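The two complexes that follow have chain A in common; it is paired with chain B in the first and with chain C in the second.
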Partner chain A sequence: MKIINLLIIIIILFNFNLSNAKDINSSSKITKNLRCLVCQGQSVHDSDSEFAISLKLVVEKKIDEGMSEKEIYEFLQIKYGDWILYDPELNQKTFILWFLPLLLFLIGGAIIFKNLKIKKN
Partner chain B sequence: MASLIGSYSLFFGLGCSLLVVFFSLKDLKNLNNLDNKILSLTFLQFLLVVLSFFGLIISFVNSDFSNLTVFNHSHTTKPLFYKISGTWGNHEGSLLLWLLVLTLFIFLFLIRSKKEPKKYRILTILFQQIIIIGFFIFLIKTSNPFDYIYPVPKEGLGLNPILQDPALAFHPPILYLGYVGTSIIFSSVLAASVSNYITKEWAKHIKQWVIISWIFLSLGILLGSIWAYYELGWGGFWFWDPVENISLMPWLALTTLLHCILVLEKKSILTSWVIILSIATFTLSMSGTFLVRSGILNSVHTFANDPERGLFILIFLFTLIFLSLFVFFFFHKTDKKNTTSFFLLSKETSILVNNWFMMYFLAVVLIGTIYPIFLDVISSQKISVGPPFYHKLIIPFLIPFLLMMAIGPKLNWIKSELQNKFYLASFFVISLFLSFMIIRMLEISILINTVLFASAFYLFFITLRDFFIKGFKNLAQNIAHFGFSLLILSILFNNFLSTEIITNLKVGETYQSNKLTINFEKIEKKKMQNFEAIIGKFNIKNESDYIEILKPELRIYNQPNIVTSEADIKTNLFSDKFMTMNLVQNQEYFNIRYQKKPFMIWIWFSVLIISFGGLFSLLKKRYES
Partner chain C sequence: MDYLVYLKKDMRVKILLPIFVIFFLVIFLIFYKGLNHTNIYTPKIISNENIPLFKTIEFQSDNEITSKEVFSGNDYYLLNIWASWCIPCRDEHNFLMKLKKNEKIEIIGLNYKDKEKNAKKFLNELGDPYKKILSDSDGTISIEWGAYGVPESFLIHKNKVIKKIIGPLNDSSFKEIERLVK
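== the complex of A and B ==
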């Protein structure tokens, strides 16, 4: 186990050096997280509708203006509402969405380890 | 004429159901053999539904537009193949297909369960007939495939072109075999609870039904995914779209059940849990139908919806849920004597951990799919839940899950000790090192990726080793787990190594980047039976001057008048080259999307391996007996 722990630590250290790597495809990364509002369940990135094409241009323009990824999401969210974001942000509305599965996981684990007669060595 | 026969067959089929119910109830008190009338009537019912189904196929083949379904979904110029597959490419026909599989399965169940107790068999028939009657009424009342129109139109409205595709011709029937297979599990588990027959023998008998449904469900999802990959034109294979999720949920429940049945088969414990899972699996299949048909989902796959139908399925679904809860609470008695305890490190625990994680994945998918609808209804706020949500909640849990998949099967029942700890640990170190090197090479930065790669590699190496060491022991399981590791690895590599170029070109132009050039040589026009094709010819030259020719198409269908874009895909063992072209409005330019997608074929192939694991365990069982 010691070896594994050590290895994990080494990897973490190495990764810190890499974590500043530049985002080359930030535009496509952003548009993949946006819903094409006029399509049936496609992202802006994957769609060729006029809405999607114009939105891609908007995103690129905003990147050129120096907006960060988060600022772009906020900008679009104000303009088009939450419906456009595929990654729902954590707030009052989505609290249940994010935490209910995790809560269920904990409850499930509790049930398993409480109810079963596990013999101790 | 064919429509008329089909229509009458449906009514007679419903009549058969009532007779079967009548004779079954009468026969329930009788302790002797099963009344032969029940078997004959079940067979007759199946034949009548087959007749009805053929009636619909013939109406489609003959383009009989006096039939409303044919009028809405067919056209004289459609190729014969799609006239036939159009039969189940619409709501009415697909429900008839569903009914066909329902009646087929109960008949197969009857002839394959002769060794089982009689009371259990009759009760299974009764529960299955409740579902069948529900579907008959649903079909006849809200979505009769044999409604007629007068005056008879000269021409039909045609089938949605994106459904005119070989993968989509086979996808629904195979998926339905999986979905409907779960109905047998459902009826059987209720019957077994009522007749107090949830035992090892029952587990052994129902296991084959679980595996068969599981294989078909896996293959059905695979075909759907392949279709989405090449037909929707964006080169993805899974988008966490609500309709995709809906097919994934019963699969997750069924996979959990499959593992759980293994414990029941050996140890007669977890009976309540098996009952709950069986009920959940079928309920998820049914609510899947409800959600897709009712049109409350926003999805690429929604093609038929009507609120009245949704309401009917909802009522029907609740009836079935109440029925099953009633049976569960009033009839099921947990056998206290039989509970054997086991040690922490044992196969039982590892399967429970599997169940625990699978249920978590199911909860994520379920909540992610349902919650936006729920929020919309109570507060009319619309939110989208897409891939990032699922990735964030699933990937961290996938890591321990993969490690457990590698170690779990090595444990013994009741009490176990990890033998050969050394090689288990050294394999882990190797996997970690390997994935670390890969992550460095790919220049992706996140720690979680290293561990994820490592755990997938770990499962890969451990299962690979077991093929050589263990031979035939646990081979089916090992094949399936190996397939899963391959699936995760292919998805990861595919995800990180895919490259994409999107550009606008006109004929004769060349796109140049430092890695490759795309030359738009020419376009050709071709007239086909029910569409006109514009075929582009592209020469793609890579760094080593190797030229590849890709010919994506635009198809202009005559009826309905829709333009679709057909991707051209060149597949080899290592990567897919994927190209689509689209019209740019009012210009001579075409929008070109060129993608290189590594290990695409391995994703499909690994799902086949996983399913083959299931098939192998069936074959082995037959061979052994």
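== the complex of A and C ==
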């Protein structure tokens, strides 16, 4: 009987730890992807400004309410615009942002390729 | 001096010098323009959403109150986020007192991360322009509104935000509010 009790306690403890760790991870993951709008070059997760402290509380509240990560981003995007997301979604306004680096990379590759060809000849 | 004479003779310098001058002028202009602007980027958000729903404690009576109860019965509201520790709030207080005389608009205060004692002292000293004061002790209600901090004001018409003023009210924003509230 003692062994069974011990086993139950161990299982509960393990599950408790797991669920807790998951919560902490998701909230810090989300706040790391949010730009602190009143600071310079800091994420909400890293900042201790009044704005960031409140925003962290709101994210935790939304997680408790059962909102998914994506839904929280959408909620904040409506309130604060694309600028709050470090990882803005692909849309009409942001496509240059996404494709310009790729384009530059391809152009650079083409230049190197051409130069190598000339050298070979 | 010899060195300069030598440089002047060099053809390359004749081309490089203007390029350098133009380059530095452009850089100077960018900095001159850029540093004049505030570096906090505020995106234009045209939101047709209704004002957020929330529940909080009313400052004067300590009763729980919902946003629906606060924003009903009148066409125009000004939600003003303020705190006694906020220096710019003192500057804008005169404008709020002036706006109080306008009967078409109700001013609602949202007291941001403040102590009740200090807030009361602030209002005793400068006057109370607010119809109701709501408490936002942890700042989460301000986030729901999409606010950056204190002071900030939202002009509300029929449950929609029609104008958002970040920072203290001034002459021009005050006039605009008066113009919008008809």
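Observations
As a working rule, the second predicted complex is superposed on the first by the 91 of 121 C-alpha atoms of A that agree within 3 Å, B and C clash if a C-alpha of one lies under 4 Å from a C-alpha of the other, contacts with A are read in each partner's own complex, and residues count from 1 in each chain.
In this text, a residue touches a chain if its C-beta (ideal position, glycine included) is under 8 Å from a C-beta of that chain, and two chains touch if they have at least 3 such contacts.
Note that the coordinates shown come from a computational prediction; the quantities given were computed from them, not determined experimentally.
Touch criterion met: A:Lys61 reaches chain C, while chain B stays clear of it.
In the superposition on chain A, A:Tyr80 contacts chain C only, with no contact to chain B.
When the two complexes are overlaid, the chain among chain B and chain C that reaches more residues of chain A is B. When the two structures are aligned on the shared chain, A:Pro88 is found in touch with chain B, with no touch to chain C.
Once the two complexes are overlaid on the shared chain, A:Val38 sits against chain C while remaining clear of chain B. In the superposition on chain A, A:Glu50 makes contact with both chain B and chain C. Touch criterion met: A:Ile96 reaches chain B, while chain C stays clear of it.
In the superposition on chain A, A:Leu104 contacts chain B only, with no contact to chain C. Residues 40, 50, 81-83 of chain A contact both chain B in one complex and chain C in the other.
In the complex of the two chains, the chain C residues touching chain A come out as 39-41, 43-45, 47, 49, 113, 138-140, 142-146, 148-149.
Only residues 232-234, 236, 239, 241-243, 298-302, 339, 341-344, 349, 352-353, 356, 359-360, 363-364, 367-368, 371, 375, 379, 381-389, 392-393, 397, 415, 425, 428-429, 432-433, 436, 439-440, 443-447, 450, 500, 565, 582, 585, 591 of chain B touch chain A when the two sit together in their complex.
Across the complex, chain B is touched by residues 1, 3-4, 7-8, 11-12, 14-15, 18-19, 21, 28, 32-33, 35, 39-43, 45-48, 50, 81-88, 93-94, 96-98, 100-102, 104-105, 108-109, 112, 116-121 of chain A.
Here chain A touches chain C in the complex through residues 37-38, 40, 50-51, 53-55, 57-58, 61, 78-83, going by the rule given at the top.
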